[in-house]
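There are two complexes below, and they share subunit A, which is joined by subunit B in the first and by subunit C in the second.
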Partner chain A sequence: MINKSQQVEENPEGYREIEITIFRYNSGKKDDKPAYQTYKLIETPGMTLYIALIKIWSTMDHHLSFDFVCRAGICGSCSMVVNGKPRLACKTRTEEFPDGKITLLPLPTFKHIKDLSVDTGNWMNDMSIKVESWIHSKEETDIAAIEKPIEPDVAQAVFELDRCIECGICLASCSTKIMHEDFVGAVGLNRSARFAMDPHDDRTDDEFYELIGDDNGVFGCMSLMGCEDHCPKELPLQTKIAYMRRKMVSLK
Partner chain B sequence: MKIIYTDALIVGGGLAGLRSAIAARDKGLDTIVISMVPVKRSHSAAAQGGMQASLGNSIKGEGDNEDVHFADTVKGSDWGCDQDVARMFVTTAPKAIRELAAWGVPWSRIGKGPREVVINGKKETIVEKDEAHGLINARDFGGTKKWRTCYTSDATGHTMLYAVANEALKREVEIHDKKEAISIIHENGICSGVVARDLITGELIAYVARGTMIATGGYGRIYKQSTNAIICKGIGVAIALETGIIELGNMEAVQFHPTPIVPSGILLTEGCRGDGGVLRDKDGYRFMPDYEPEKKELASRDVVSRRMIEHIRKGKGVKSPHGDHLWLDISILGREHIEKNLHDVQDISKTFNGIDPADEGEKGWMPVLPMQHYSMGGIRVKPTGESTKMKGLFCAGEASCWDLHGFNRLGGNSVSEAVVSGMIVGEYFAEYCATTHLNTNTFTIEKFLEEQKEYLEEILSYDGGKNIFDIKDRMRTIMQDKVGVFRNGKDLDDAVNELEELLKMVKEITVTDKSFCNNPELNEAYRVTKMLKLALCVAKGALDRTESRGAHYREDYMKRDDENWLKRTLATWTNPNDTMPTLHYEELDINKMEMPPAFRGYGKKGAIILNALSEVRETEIEQIKETLGKVDRFTMQEALLSFELPNNYKRKNERVGVGYD
Partner chain C sequence: MPQNDNTVELLTGKDRLGKKSRIPAWLDYLQSATGLFLALFITFHILFESSILFGKEAMYRLTKMFEGEPFIEGGEPLIITALAFIIFSMFIFHAFLAMRKFPSSYKEYQRYRAHSKLMHHQDTNLWFIQITTGFAMFFLGSIHLYMMMTSPENIGPFASSDRIYSDWMWPMYLLLLISVVLHAWVGVYRLIIKWGWFDGDNPRQNRKRAKTMIKGLVAIYLVLGLLSLASYMKIGYDHQDKYGERYVSEVKK
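Then we have the complex of A and B:
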């Protein structure tokens, strides 16, 4: 019933063959040398990079490492550089590439683990603590009582910014981040903008200034806007960074 | 060997785990959360449609309260749930949602005055009350009497998880991600932590704590087609089973969601139908009203999934290279509604299928088919969330069999359970950790570490040439084909035998990469072994349960049999070398029920063998009601079923127009 994996893929439908070239390096292994490895596989209809990589891993190379969780564009785990652009691999369809040649690199600016796997969790946690990514309120909430009313449009506007999935693509697209290790990036500034708009949060502009009013915060941004160009959730990062910067500039 | 000590240890960083961590920190306890992935990547984030809580703000939720939510949940469970737990849950859910609002979850809010909605395929105008303006809105969901499912567009789990995760960071909960618990440390029936594996370095670490909580979610990935994230392998549940002591409850109770998209299996929320979307067959015909005249597309998930397969079996499915499917049509809701309230559904459909569901008519219909979605079964715990068999080991959320959902969970009750159990069980857990001293020694801890080291070395030494990926594929196919929506004795028997063979076969694999560090092949080898044990619990539980209840449907025993089967399956793995779980049963006591078993109000009529005690209890309830006379609903409820809650969670919830009544 169970055979060794097939060496030659069957292809009765005559689908095209694609070539996926992957950066290989194990940061945890002494003397390991970075290298590229190319895999050839049959492109099935609707194939995404998730499907392709799972296929490579389970049938061709069990040693390959990458990070997928939801495989539906919701969790932000699988960011990587696809033919030069940072993207969510699970939402990238292989048919987008007419020559069938795809090169995959791990997401830059994060600590590299192995192959396409990087450490985003610790960075995002630190960023969240740095910008104090939570509601600040002096009000005591009685959770048995009717909730505080919020204008529907305001709730909707906060939601739009709350859609960020901390995938790290904005950082991988950002020149400031490459120069300033501690730059909180569009992801951090968007979190500040989100709380600045939230009626539950009583922080003043001065208090936000304490958190993001420097070169690692809103004044670090050079307005190149690679973040907005690549954001998979299409968040209005340009407008929101500008909004926070105007707020912060007007204080001094 | 590395040993890390803490007061409260939580395995799993989804909603249930993180909310429990907050409860522990609020008691001043040192708290560590370990997680396989960064916590904000947990599968809670994928919950789309919403969270049930009986706020009753919207005009379509008017009259809603704990009693209505309770009745819906019990019926939904096909009387398999623990009614004490259901009461605890419905009483706390409104508080949970209000706490989350204060933590910044941007719940969709009500605008006063008229608004257009789609009900039963037709546009209608409803008028929201002035006093409800700005309060939390709710949408319709399956199996509910009122519009009760509160939401943030279709990214509800995401906004909830981020709010709770950030509150945990604010409270300095220590988060250790890329760590996987692979065994539970215990002695004399008391848990004192876990052995975890660092998924980067491969190092084994003993996390030692006064109390340990498992909150690792479901085990949907034992099925070939599942909406679950690829991390939902049930490892936390499996390591509990492997203690040989802890019981798993109702593992055969597996939910199949009606509308994952074909072929990727990515979920399209029940909110699609809640907001007025309909199911259509190959002729474009809306078939659900023929089967379920009252609830139509919004019967409970088990019923809708069965009706869909039934309809496909009549030849009404749409042919495709991936097999037959049906259509989900939300185009009737209009582009504006979809782009605002079903944003991710539109994104998923466009990205993965090239279909814009806002396009009018056939062009916008999305291909759907029932697939595995939720695990009602899990670690059997008491209402406090502590294991029935092991002290100091708690469990919350989908990993548990608390047992809120019985044989079918209602849509909107999962993230709700996750966060509510994080409050309730989290509180009991924190109390336990605050009042218990660590009682173990390094000899025991090192024994468990050593055992795991030897086990991993054993896996690396296997040399039979077989491939763990093939074994996994075969397991998932068996579960898909033989332990699915419709089940029968022959297939289940085959499944049990084949799964047992596969479990034995694991010793014949070869892991080609022999290193401990960064080795995804080794991860797969021990995970699949654990998944096979869970799969066996599911299949064997389903084989032995000769009745149909909720999501467990036997074509050879088509009736719900309260006479013989009003009981919970309990599975243990008595000896490490066993290749089959040991099953026993826990009776549900009708005499203690607030709502004795009856017809659910949807699904096939006349398919119940009622237990005589149902009527006895019904009469008794009538008598209690008569004796008490005119009393408020709280006094009445207390007389029928008395329950406890910690932390003042039992106090009354305020609602628009009715105050605290």
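Then we have the complex of A and C:
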């Protein structure tokens, strides 16, 4: 392993040195032991964790695994636990940490792959199927015709929930999900709310109950608000889970 | 061939019409409803028992009022037995419903604690208070309620104080007071969030307000409860040589 984590960098501008400690473990490698590795590097102005990790990867440790795609808080690939809090690495600046010490862990609850890399994609796919996360309509769609108009404020409310990037942070912040693997979490309940609010979707509340009306769905939520407080897109998860709960409980 | 829905649900997870059970919805609703009822009860209970802060006579009059004195000569402690029975039933039912949410295995507990210690998230930590105080009250609440149900005549300025001081009930009451105040108000906060009661135009702001309000209420009720307990202790201490003697109203003297 090429490991130059103690390498002394040139620092003519006198920027501070930061320490990034990373969880190292290869789930696919038999006999691999979990460990923490600390890297020291010079913080540059405006440095995000994305930039820091790329720097570590390209100059110190090419074996380090982590995921990134967009670098702009849109793709949801770079979620990780930063000093205990699930966050997007690309939206987290190193200057936020006054002591310059940052610990990075992979997101809990997802299948661990290696180091900071976890498999959120397969879980999200399964969840989408479980909550039937698509428009259900008996109407034949004519793609040549203009779509049926809906009220702008309704459209706005639906689009607001569509901003979810499936980063998995709501699940990694959720005690229910931590304890109960099959819980669909805020991301799944947000999906249900999104389609329940959409006039294009014909499903009745009874039909939504069949999807989320149990302890793996809306009744599993204990309102601990880890999802609401950590969502990097600041989605209104608190109110939308309550909205679905009220709907599901009011059914005869 | 078994025809009932329970068997079908056992085999398919759904009823004969292929529908999910509505019981989880009821359990969720009833957990909140019984919790709210008990929280409202305790809000008034602590206020009433703090009447001792206004003197023995005030506490005595209030006790007799609950025994129906304006209508029944001398009061009827059986009214208290009936009230305690209703509260005890509700308490047991709420415990039964809330227990569903407790971590139920080493793995669940380990994961919950390790995660909450890592995350330092206030609302997640508040839930730990809920489950620990809830667990403590299985026992503390039962002791208290059973005593009130079976010995309702032993409520009064001297009778209660003797029980608390001379009968060594104060450590139990101290723990019960802390548990019930925290559990009730944290529970009310949770209900506000869970059902979106005061979302208004700015749910995030209102959640912060709700939390501040709840913290204030916890502080007020703890202070009130502790002062009352101290007051009963003082009366019990002064009255220890006359243990068993009952208070006689100033009016009757």
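The definition used in the following text is that the second predicted complex is superposed on the first by the 244 of 252 C-alpha atoms of A that agree within 3 Å, B and C clash if a C-alpha of one lies under 4 Å from a C-alpha of the other, contacts with A are read in each partner's own complex, and residues count from 1 in each chain.
Assume contacts are C-beta pairs under 8 Å (C-beta built on N, C-alpha and C of every residue); 3 or more make two chains touch, one makes a residue touch a chain.
Because the structure is a prediction, the values reported are computed rather than measured.
Engineer: So in the superposed three-chain picture, is A:F68 touching just subunit B, just subunit C, both, or none of them (first/second/both/neither)?
Structural biologist: A:F68 contacts subunit B only, not subunit C.
Engineer: Just checking: does A:T21 make contact with subunit B only, subunit C only, both, or neither of them? Give me first, second, both or neither.
Structural biologist: In the superposition, A:T21 touches no partner, neither subunit B nor subunit C.
Engineer: For the three-chain arrangement built by superposition, which of subunit B and subunit C touches the greater number of subunit A residues?
Structural biologist: Residues of subunit A touched, subunit B against subunit C: more for B.
Engineer: Is A:Q37 touching the first partner subunit B, the second partner subunit C, both, or neither of them?
Structural biologist: Neither partner.
Engineer: What is the contact status of A:D201 with respect to subunit B (first) and subunit C (second): first, second, both, or neither?
Structural biologist: first
Engineer: Taking the contacts subunit A makes with subunit B in one complex and with subunit C in the other, which residues are shared?
Structural biologist: In the superposed arrangement, which is not itself an observed complex, subunit A uses no residue for both subunit B and subunit C.
Engineer: Which subunit A residues qualify as touching subunit C in the complex?
Structural biologist: So the residues of subunit A touching subunit C come out as 81, 84-86, 105, 108, 173, 175, 178-180, 206, 209-210, 213-215, 219, 221-226, 229-230, 236, 238-239, 242-243, 245-246, 248-249, 251.
Engineer: Going by the contact rule set out above, which residues of subunit A touch subunit B in the complex?
Structural biologist: Where subunit A meets subunit B, its residues are 1-5, 26-29, 45-46, 48, 57-59, 62-65, 67-77, 91, 93, 113-114, 117, 119-122, 124-125, 128-129, 132-135, 137, 139, 141, 143-152, 155-156, 158-159, 162-163, 165-166, 195, 198, 200-201.
Engineer: Quick check: in the complex, which residue numbers of subunit B touch subunit A?
Structural biologist: The contact residues of subunit B facing subunit A are 37-43, 45-46, 55, 94-99, 101-104, 106-111, 133-137, 152-153, 155, 158-159, 162-163, 165-167, 169-170, 175, 177-178, 200-202, 229-231, 263-264, 266-267, 321, 340, 344, 347-348, 351-353, 465-467, 469-471, 473-474, 505, 511-513, 515, 517-521, 524, 651-656, 660.
Engineer: Enumerate the contact residues on subunit C facing subunit A in the complex.
Structural biologist: 19-22, 24-25, 27-29, 100-101, 103, 108, 111-112, 115-116, 118-121, 123-124, 126-127, 190, 193-196, 199, 203-204, 207
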